[in-house]
Every structure is written in C-alpha cells, then in structure tokens.
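Letters A, B, C, D and E mark the chains as written, and numbering starts fresh at 1 in each.
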Amino acid sequence: MAQVKIDNVIKRYGSLQVMHGVNVDINDGEFVVLVGPSGCGKSTLLRMLAGLEEISDGTISIGERVVNDVPPKERDIAMVFQSYALYPHKTVYDNIGFPLKMAKRPQDEIDRKVTGAADILDLTKYLKRYPKELSGGQRQRVAMGRAIVRDPQVFLFDEPLSNLDAKLRVTMRVEIKELHQRLGTTIVYVTHDQIEAMTMADKIVVMRDGRVEQIGAPLDLYDNPANIFVAGFIGSPSMNFVHGQIVNEGGVRQFRSDNGLMLPLPDTSAPDGTKVTYGIRPEHITIADHGVPLRVVVVEPTGSETQVFAKHGTDFIDAMVKDRFKAAPNSEVRFAIDPANVHLFDRETEQRL
Amino acid sequence: MNTVFKLAASALALSFAAGMANADDAFWKEAAAPYQGVTLRGVTESSPPSLYIREVLAPQFEELTGIRVDIETTSWDQMFDKAIKDMEAGTGIYDMVYIEQDIVYSYLARDFLTDTTQLLADNPALKAPTYDEGNFTTFADYFRGENGHLYGIPMEAFIKIYLYRTDLFEDPEIQASFKEKTGRDLAPATTHAEYTEIAKFFYEYGQENDLQLWGATVQGHTGHPASWYEYVETVAPTFGIYNWGIDADNNYAATVANGGEMNSDTAKEALQWWLDLRQYAAPESNQSTWTEVGTTFGAGRAAQGLVYGENAGWIAADDTKSLVVGKVGVALPPLADGVMAEVEGGEGYIGYYDGGAFGLPSTSKNKEAAALFLEYIGQNEVQPDWAVAAPRVTNTATYDDPKVQDMNEELGGYYDMLRDKGYLFAGAPAYPFHAQLREAMAPTFYSILTGDSSVSDGLDKMAEIAEATLTELGYRK
Amino acid sequence: MQSNRLGWILLAPTLAILFFFGVLPFIYVVYVSFHQWNPFAADPTMIFNGADNFRKIVFDAEFLNSVGVTVLFVLFAVISELVVGYILAQAFMKEFPGKAIFRTIHTLPLIMAPIIVGSVWKLMMTPSIGIIPHYLNEWFGITVNIGTSPVAAFATIIIMDIWHWTPLVTLTLIAALVSLPPDPFEQAQIDGANKRQIFFHITVPMIAPAVVATVFIRLMDALRTVDEVWMLTGGGPGSATRFVGVHIFKEVFPKTNYGYGSTISVIVLYLTIVACWLLYVTMLAPRSKKD
Amino acid sequence: MKKNNPIIAIVFWSLVSFLTLFPIYWLFVISVKPAVQLFSTPDVILSDPYWGNYAKVWGDRLLRSYMVNSLVISTGNALLCTILGFFACYALSRFKMAGKESLFFWTITNRMAPPAVFLLPLFLLMTQVYAVGDFRLLDTRIGMILVYCTFNLPFAIWTLRPTLDGIPKELDEAAYVDGASSWKVITEIVFPLCRPGLAVTLILTWVFAWNEYLLAATLTNFNARTLTTGLSEYVTTTGTEWGIMATISVFTLIPALIVFGLVQKHIVAGLTFGAVKG
Amino acid sequence: MSNHDNTPLSSAHHEEEDTPAVSSPKAGFLPIETNWFDRLFISVVIWVALSLLWFRFIEPMGLSIWISNAIALALAVLIISKG
C-alpha cells in the first residue's frame, strides 16, 4: 500500500500535446476516481500510471519511488481492464494464477491465493472454465481476482463496469467498494460515469481535455463546483444553466436572463451588469405559488420523484420534485428557488464567482 | 540454331520451295482433296528438327494441300507421357507422334503404330511419286517391324561423337608441352588411357594458366538419367559391353552369374574409367545432362568430350550460342583393344546412333491425311534445308547436296563421319522396356555416382535389380 | 429462418466439382492401386493382384527413403518458414519509413511459378558457373556443389522453399498479429511477465490458430512439392532430394508403373490426410466448434 | 513503449529485400544475356543488356496465345473458386448442417493429392467420360478451369471460412427482418462485407492457377496451353534455352505483379486464417 | 491475502445473468468429439495402418493378413458403436 504522486505530468504524441501538466496526490489507501467525458485523458493518465504509456514530462511516483522508467511489472500494481483482458486460452484458475506464475511463486502459494480469491469472488465453481464460458459479471470478477492475488500497492481500474448491464453495475459497484474496504489498498479508478464516481470515491479527480478541472471529495464537488464544467458534470440530473446578467431593478439585485427571465440572486460581490451564468440543480427547485412562472414542457414521473421540464422562451429549466405533480403541457408552473443553492459562474472564464 | 536464324532460314526455304514449284504439286493437291478441312495433330519434342517441322514444313504442307497441321512441341518427358496416354487410352488426339529410337520397340510391342508401308500399299492414291522408303539411310531400319515394314518416317538422326578443340590440339606450344609431359604427340585419343591422359593434361594446363578450362566433358548428372545413358550408350560399348550388358537371347540375363555382362569386370572397369574422368572434368559435370555437356563444350570449358551429334551442330557453327565456332574437330570415340575388330566383324557397336521418327498412331482418326504429311517430310527435296537448319541427316541423298557439304566443312567433317562411319554406331537395344528398367536401376546408379556405393557393389546390385525388374515386368521368365 | 436446404444448394456446386475432379479420380487411383499395370510390361493389361502392391511398399527402401527425406524437408522448411515469417511479421508491426514498399517487395516471390523458381535457382546454383557457388568460392573459399553434396542440395532446396513461401507465412502472421486485442498483452505486462514469458504464454497461444492454419496449408503444399525440385536437382544427388512427389512422378512418368505408382500415391495421401487430420482435430476444430 | 530506430529497421529490411529480390533480379539478368555468355563466369552487375530474347518471345504467336489462355484460365478459375468458396463457406458458417465440420475438412483434403498420379484418371475422365459428341473437356479452357478447382477450391474455402464466421449472424437476421430474401442477404449484405477476404482469396487462387505447371502440361495439347507449359518447350535435349525461358518467366511475372499490386492493401485484412475471437 | 478473511463478498451471491452452458462432456471413449463419419474414418485409418504394419512385421512370420483384417474389423465395430 502506498501513496501515489502525479506531478506535473505531460503527454505528447509527436507535436500533439494531450496532457497538460497534471498534478494529483493520492493518499495511502484512498479510493480515487478519475472522471471525465471520453477523450479527457483519464485513461491515458491511468495507463501512464500503469506504465503502459510513456510519460513525456513530469514524474509519477508510487510510494517513495519515481516510476517513470520502471516497467509495469515492477511497479507493484494490478490493473482491471474495461475488456477484462482475460486470456482466452487459459482457464479461470490459470487466469487468476497467471501473475503469480510469472513471479515464479511456489505452486502451493498460487493454489492458496487463487482459491482464496475465488472464495471472495464466489468463483470457486468456475475455476476450470474458460473465459468464454462465463457471464459478463463473472468475467469481471475473474479480472478482479487476478488483481487481488497480486496483493499490489495500487489497484488500477479502467472503466471496469462499462460492459455490464445497469443492474449488475450497481451490484459490482458495491462489490468493488466492499473489496476496497476489506483490502484497504489504494485504488485508482477511471470512469466516465459520475454516479460511479460519486458513490465509490474518497476523492474525485475531474478531468477535461488533458487537464484537471477539480479535485475533491464527492460532496465537495457537488456543493462547490469550481467551474461550469464540473458543476454540469457532477450530479444527476445535471445542473440547469441560464445565461444572463446581474441587474438591479429598484434596489433589488436580481438575475435577468437573455430572454428576460428573472431569477433570485444569492449574495455576491459581483457588481451590477456582470454577465454571469446562473446555475441551479433540479433537486433544489420546488414548486410553489410564489415561484418564477414558466411553461411546462414535459412531466416525467419516476415514482419516487417527478421531473418537470419547463421553459421560458429559449431558457429551459428542469426541476426534480418529491411530490407527485401533474400538469398539462403548456400550462403554467411556478418554480421556487432558494438563492442559497444557486451557483454563479463568470460567463467568460466559466469559473465560479 | 536460334529462332531468328531458323525463321530466316525458313523464310528462305519457303521462297525456295515456292520457286521450285514443280510437277509434284499436282499430286499433293489431288491426293489431299478428300481430306480438306482435316486438321492433323502431332506431338514431338521441341528439338530444332521438330521446330523446323512446326515452323516450316507444316505451313508449306498446308499451303500445298490445304490440310492444316498443328505440331505440339514440348519437353522430352512430357512428350512421351502424352503420346503414351493418348495411344494407351485410344483417344485419337494425335495423328503423329515422335518416336525416339529407343522407345520404338515399346510402341511396336503394344501395336501403337500404323504400318505405313502397308497403308501406302493399300491406298495407291496416297503414294507420292517423290517418296520412297529406299531414300532413307540405314537409320530407318530401326523403325521397321518384324515384317520389314516401316512404322515411322525418320526425321532426325545423329551419332554421339568425340569432339575436340582443334585450336588447343593444334597449338604448337601446347603440343610441345604435351610431348614433354607425356612423351607422345598430342592427337585425339584412340584408347581410354590416352583419353584420360589428355584430360589430365588439359585439366592441369587450365589450372596452371588460371583458365576456365577442363580436360573433358562428363555427362554425369547425379539425379537425371542422362548419366546412365552416357555410361550404357557411350562408355560401355567402347569397352565391349553392348546392349546394357543384358543378354536378350539368354532370357534377359544381366548378372554374370546368369550369363549377362552388366556386372562383369569389364563393365566395372568401364564405369570406373568414366568415373575417374570426372576429376578432370568441369565442376558442373555432376549436374550435366546432354544439354549441359553441349553447353560446357560450347562455352569452351572442355578440351574434348563425347557429345551428342545434335549438339555438335550448334557448337561448331552457331556463334550466338557457342564460343568455339570453327575450333571443333570430330573423331571416333576411344576404344578398348579388340573392340573395333569385333564391331567391324558385325558384333556390337562403338557408340550411339540416336534419332527419332514420326509415327502414325493406330488410334489416329486421320491416318490417310497423316500419311501424306509423313511422306511429305520424308522426301529428298525437303531434306537439305532442313539439314542446314537443324543438323540431321535421314536420307542418303542429303549428303551430296552442296549446302550440306558446306555445312559438313563447318562441322569439322561430322556429316562425313555420319555417312562413312555410321555403321559402327547403333541405336539403343531392341528392348520394349527402356524407361522402366532404367528408372528401376537409376537410384542405385546415382548412388555409385555420389560415391555412396562402390562401383563393384553398385553394378552387382544393378544387375540384380535389372533381373528382378524384368521378371516383374514379365520379360524374364 | 433459413432452411438447411439452402445450405446444401449453396454447397452443391463445390461438392459436385470436387466429386467429379477429386473424388472420382481418387477412387480410380485406389482401384488401380490393387492392380499390376504397366503398359510396357510383357502383359500390358491391368491385372488384379490383391494387396501385393501394399506388401511390396512396406519393404520398398526407395519409397521409405523418399518418405524420410520428405518428412525431413517439410519439418525443416515449415519450421524455418514459421520462425523467419514470425520474425519478419513482428518487424512489420513497427512503423518505419517505406514499410509499404518493403512489404510489397517481401511478397514478390509468392507470385512466381514453382517451375520458374526451380529454374532460376538451378542457374544460380550450377556448380562453378552459378553465381552463388562462384562467389562463395571466390570470396570465402567455400565449395558448394549441389551435384555431389547431398547436404548442399538439400539445404538449397530448403532455402529456396523458405525464399519462395515465407511471404505467405509472414502475411498470415501479420494478419493474426494485427487482429490481436492489445489488452491481454498489457495485462500480462502488469502481471509481471517478461518478454519471453509474454511470447510463450500470450502471443503463441493467441496466434496459435493462425499458425496452425498456416502450417496446415504449407504442410499440404510442401508435401506435394515437385516442380522446383524437379528443375533444381531432379531428386539427386543420389536420392537425397527424391521427395515423395518426385518419387511418384518418376514412378508413373518414365517408368509408366501405373499400378504401383497408384499404390504409392494412395499411401502418401493416406499419410498426408492422417497427419493433417490429427493437426486439425487437435488444434483447429475445437476452437472453431466452440465459438 | 520503446523507441524503435528507423535506421535499423531500414537497414534490416534493405537486407531482407536484397535477398528477396536477388533471384528475381537474376532471372532478369538471364533474360537479357545472350546464350553464349550464360555458361561463363557470372557477373553480378548487368552490362550491355541484350534484348533479343524479348523480341523473340514477343514475336512468338504461340506464346501470345498461351498468354491469353493463361489469363482466361486463371481468372476464370479464381472467380469460380472464390464465388463457389464463398457460397460454401456461407453455408458452412450459417447453417447447422449435420457433419459440416467433417465436410469442411474433407473438402480441404482435395488439395493434398499428389498430382502426378491423378493425371491418368483425369485424362481418362476428361477424354472419355466428360465428353459430349465431339466435345471433350481435355484441352479446353473450361476443362482447365474445372480441374484447377481441385486444389484452389479447398484453398478458397479454407481462407474464406474465418471471414464468414467473423461476420455477425445478427446482420443476416436484421436483413431478413427488413424483408430481404436469402439471395439478397447473401449478395447485398454478406458478400460486400467479405470484400477483403474475397480479394485475398481471388488473388492467391489466381496466382496458384497462373503458376500451375504439371496439370496444364498434361491436360492441354493445342487449344488451352498456358504460359508455364510454354516454358517446357525450351527444355530440350539439344540445349535448354535459358534466356528464352527467363524471358517468358519475366512475362509471366508481369500480370501477376499487376494483379498483386492492385490488392496489396487488402491482403493483410483478408488473410484471417483462424482469427481469434475475443 | 492471508490476512483477509475469505468469505465471499456480500454482493457476490447476487448472480445476475445466466452463466452460459458448457458443452456437455462427450459420450464415447475417444479423446475428441466425433460423429459417426469421424469414427468410420478413424477405423479406416487404423485398418490401413494395421495392415501395413502387419505386412511389414507379422506376415513374414507366417500369420495371414486376414487376422489383421479381423482385428481391424472388430476395432471398427467397437469404435463406431462406442466411440
């Protein structure tokens, strides 16, 4: 077990720079999730950590050791691939035991560890099968088993759940989390799914276009997104954004959208006339008589909650309300917004004000 | 003869033939009248005489008679295979097949061939005034059946002769050096010992002067029957071992024990002499067939050699292929004591009289038309140009033609030798099983050549195999 | 859905052609193999002689020798082609300038007719005159004579075969390597396998189907090799390169030994099919069946 | 991971290419040497080429007709084998026919037959059995096209099977749902998807047919002779005309080179012997 | 690993999808899957091999080839029915 330090890492492919000075510190035993849209560089970063990609500049250290030039097998890591990367010609037993066999461990130790891992992952029945004779979840667990037996300092997961169906994904999420709690090993986990990130991580690293946008605990990111990107990325359904400016109408500072929609403004030091982007999460909107009037577009009940899409001109806002709610399309609805939950962003820099 | 030369010659011949257009034309036109629309098909080896037929005689014939003649020319082994398959299966693809002198006995034994004498006798309308069996040299006798009738029209005939380099043999410095070394005058060898001595001398001469020159040619391919033929047709007879050492009259005996000679001491001596010659021969000799022997000699890499007559022509005369044009002399092969007397006395022969004929398969569907074409190529009139384009003589009259006489000069007297000494040579023995027996013995023979088996053991084994094979084939009882 | 009838209709022309031009001749050959038949024997007809040809063949030293040299040839040639082909295929996996041109050049021998290949190599290898023996002798003092040295002749044929057929192996291996998923290789790196271990544990098993399929084709073709050898050595020196194809050729062409020649062919075909069948059922069929 | 040095690769490949090209170069050298120079000390560098052989070969009407025969036969055979092989592989990969794996293997065995001994039965069949009236298959182009199937059709099936297996069955099913007939599915959906495999099969069967010698030499006489059989006409007891043979060889190389060049880029994509699936 | 307990993860028993069926073990004694045609082929192969070996080694000792044929036939029956 070890801490991982990613220091000002840069990646170039020829003249094309795809990673622009990434810094991440990962503490011992921490579950860190790298999240971002596809192409943001999160997988590349993970592969650099694994030693599968060359580091163009900067350093990566695992424990006390700078591993830039250390080949993957000496980094004391284990990795679970999106495709699971099971060896199709080897049985489950041989797949799980492969790293140990490569390390030339005695047979009895291999045996003990493989059966141990199989017990944990409930694979004991399938040890003699080949990967193609397993279901998706089982294959996934074989891949994890192969990681577990190595007893590494760091686990690397590269979108391990993306090939599973929705229900199974929830189960496996719990399983990985439980595994982490049991083993206490540092885990670096890559996903594009912010729910996975929110539910599993101790610490989330949000990336975009080869840059780190924000690092923090899940709820930190939720409560205090550093910019529009993070705000929009974290949370589901995602945050509403309305473009407009701060106006002062009769001494009341308010937000007026480009379409003329007036919304309540939180405390802010920004002067009147500042062009801002107004952000409010759907779950922070309630329906009340005194709210902002809008026209209903669609109402989507999910049972426990109801999502209401409404618009004013070209400004769309949706709300997630606890109560059952019915309304005909195009009827009027009033959204109440607590200014305390509103996030304001600079329209130019997209940074939080 | 390269193709261009041949084609030029053929164009010449065509115009010549046209100019000579004579009374016989009427015969051909009339005789061919019933066969208009027929296409004759023949298969032959793509040797120069055959190519001459394909390129010159066949078109001439077609022009004269309106009968189209297609000649398929291919390699030696393919030709046999195709002709045999056709005749065996009775498909009637071919109206003419090439008959090599040594396979005629096989064909006759199987009744593959039409009796042309009989055919012409039965159809007097087909008999050309210019065609006469009496025109042929004695070589035609090889293609006669037991009834004395002709089963093939001879189209090529050669003898395997002793070629030597006149420029070397007549060089005074070399003569002096030879005299100094051996104590005798340098002249074409008449005995085997002399032949070896000359080979050794020129081998050393080549080495000392850093020349690409060796003492003799040896047709010693270690995986091709050419080497077997050089031994049985050329070397063994000069030691007095005839007909492969097999006694056909004595139940085809091959071993000494049964009355044959294949593994006799003389046979072993002959083979040993020939094998020893290889040390003075050019390095490629163990990959040489009749083809490469010619090429080796033509490239000036050998001072003397036993070379097939069909190659003598281009070696002596064709400067697009040969570096020794005008430097070639011919002689009789070296002989062991008493052999010449024996041969003169009518027993045996001193070398190979080789050649072939065009036969008419029994399975042909156009026998009459084919007979016309065979007569056409057998006429004296077409021979001289043919002999010039592809040195071969099958009609006695051909020797006297001025063009052939000129050619004779160029070839160092080869035609004279063919005419005057031809009787000393003979075709292959009258066995119907040449290829069968040869291939059965070949692996053992090759093992002698590679040194895996000694001459004595090898010949003993070959003689046994020969008898066993002949028993299996049903000839030896 | 589709009925099996359509399947059989689609297969029918293939099966018909193979039946009329492959199976019927084979049946005829089997029929002849139980006969003594040489059109130039004293009795030129086909005579049924039971299993006598088969009795003869098991003691036929020439035939057994030809089987031996053929097996040796096929082993040497196919294994060398695999090794060389694999090295070249791996070398093609990297990017370098002019790769496309080099690859095209490398595949050129494939398009040459065996009979031409045999001729060219014969001319290059003719003792003393051929360019290879000539310069080997002139530069290194090595004498190579395929007319006297069985080893030289055998080696020449193998080198010629490698030259001629490695490109096919290279191409199939490139195709196999290109289609490999990268993940297992990266996984193996992380799992601590070194290059050698990756090669034997991951690469080899994963390209094994392609390798076996290639070996299969090469095996079939190498066993039938005739033209090149016929041109180059004619089976010599002695019987050093008299492969079964050449042996059969000599038996049925000059010797016109149709009966016994058929027997040899039947046995050769038998041995080939058994070898290929074993290879097929053990290496290839299980994979294709389970997918 | 590792930086590879292009210089090393280029040097390595130049060496390999030299070894590959040398015999082909030598073939060319022989074709432009007058016969008289062939059997003397060889020179590596070509000087003063002699084009007489080319003039002869080009001017030979027989060789020109052989060239046409070769083109017709090998192209016809390659097309036939590729199309029939495609149908056969489609059947083998899509239908659950009893014993189809055995069938697959047994079609391949046709390629294993040592050719020499099959010539006699083929000759007999083609002259006496496969004959109608005056027409017989022997010495016809169509006959050679069919005979070459014995070794090329197995090869086509062998090469195309993985390609067909690699195309998901769902595509066929989707097309059926969209209302396509079996024939349309095969010709419009599956066939175009197999293009790389078909291209490789076409080119390799073409090359095999183009280069075949023994069957052509035996089973043709006048009308269907191919270029390779033309070669044998220059191996004679009175001298092998190496120069002419080499020239013909160069001529046989050119069409093969063109055909090969056209599909170079498909070759790797299409050669999927035993491709691994996930 | 030894310091962790090996009880299955709490979620592991949530078996979700169907595990694909593994091909059923073959019925016969031959080490590979076969159909009747394969077994006939194997029998023929054995018959030929046995005959050839018999010709070479046993027949010279005086035992007739028919014994070999009988053995091969018996083997064939066994293989085709039970393989």
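The criterion applied here is as follows: contacts are C-beta pairs under 8 Å (C-beta built on N, C-alpha and C of every residue); 3 or more make two chains touch, one makes a residue touch a chain.
Fair warning: this is a prediction, and the values are worked out from it, not measured in the lab.
Peer 1: Which chains make contact with chain B and with chain E at once?
Peer 2: Both chain B and chain E are touched by C, D, going by the contact rule given at the top.
Peer 1: Based on mean C-alpha positions, I'd like to know which chain lies farthest from chain A.
Peer 2: Comparing chain centres, B lies farthest from chain A.
Peer 1: If I rank B-C and C-E by number of C-beta contact pairs, which comes first?
Peer 2: Between the chain pairs B-C and C-E, B-C carries more contacts.
Peer 1: Report the inter-chain centroid distance for chain A and chain C in whole angstrom, where each centroid is the mean of the CA atoms.
Peer 2: The separation of the two C-alpha centroids amounts to 57 Å.
Peer 1: Go ahead and note the Å separation of the Cα centroids belonging to chain D and chain E.
Peer 2: Averaging C-alpha atoms per chain gives centres 38 Å apart.
Peer 1: Taking each chain's centre as the mean position of its Cα atoms, how many Å separate chain A from chain B?
Peer 2: 92
Peer 1: Using mean C-alpha positions as chain centres, tell me how far chain A is from chain E in Å, no decimals.
Peer 2: Here the centre of chain E sits 53 Å away from the centre of chain A.
Peer 1: Any chance you could list the residues of chain D touching two or more other chains?
Peer 2: In chain D, 38-41, 119-120, 124, 232, 276, 278 touch at least two other chains.
Peer 1: Residues touching two or more other chains, restricted to chain A: which are they?
Peer 2: Expected reply: 52, 88, 132.
Peer 1: Hey, what residues on chain B touch two or more of the other chains?
Peer 2: As it turns out, chain B has residues touching two or more other chains at 81.
Peer 1: Hey, which residues of chain A end up touching chain E in the complex?
Peer 2: For this pair, the touching residues of chain A are 112-113, 116-117, 119-122, 126, 129, 132-138, 141, 148-149, 151, 165, 167-168, 171-172, 174-175, 178-179, 182-183.
Peer 1: Okay, in this complex, where on chain C does chain B touch?
Peer 2: 38-44, 62, 126-129, 133, 145-148, 150, 233-242, 250-251, 253-257
Peer 1: Give every residue of chain C touching chain E within the complex, in rising order.
Peer 2: The touching residues are 51, 54-55, 57-59, 267, 270, 274, 277, 281-282, 285-286, 289-290.
Peer 1: Please give the residue numbers of chain E that touch chain A in the complex, ascending.
Peer 2: 1-2, 4-20, 22
Peer 1: Give every residue of chain C touching chain D within the complex, in rising order.
Peer 2: 1-2, 4, 6-8, 10-11, 13-15, 17-18, 20-22, 24-26, 28-29, 32, 88, 91, 94-98, 100, 102-117, 119-121, 123-124, 129-131, 134-135, 163, 171-172, 174-176, 178-181, 206-214, 216-217, 220-221, 223-224, 226-227, 244-245, 248-249, 252-253, 258, 261-262, 264-265, 268-269, 272-273, 276-277, 280, 284-285, 287-289, 291
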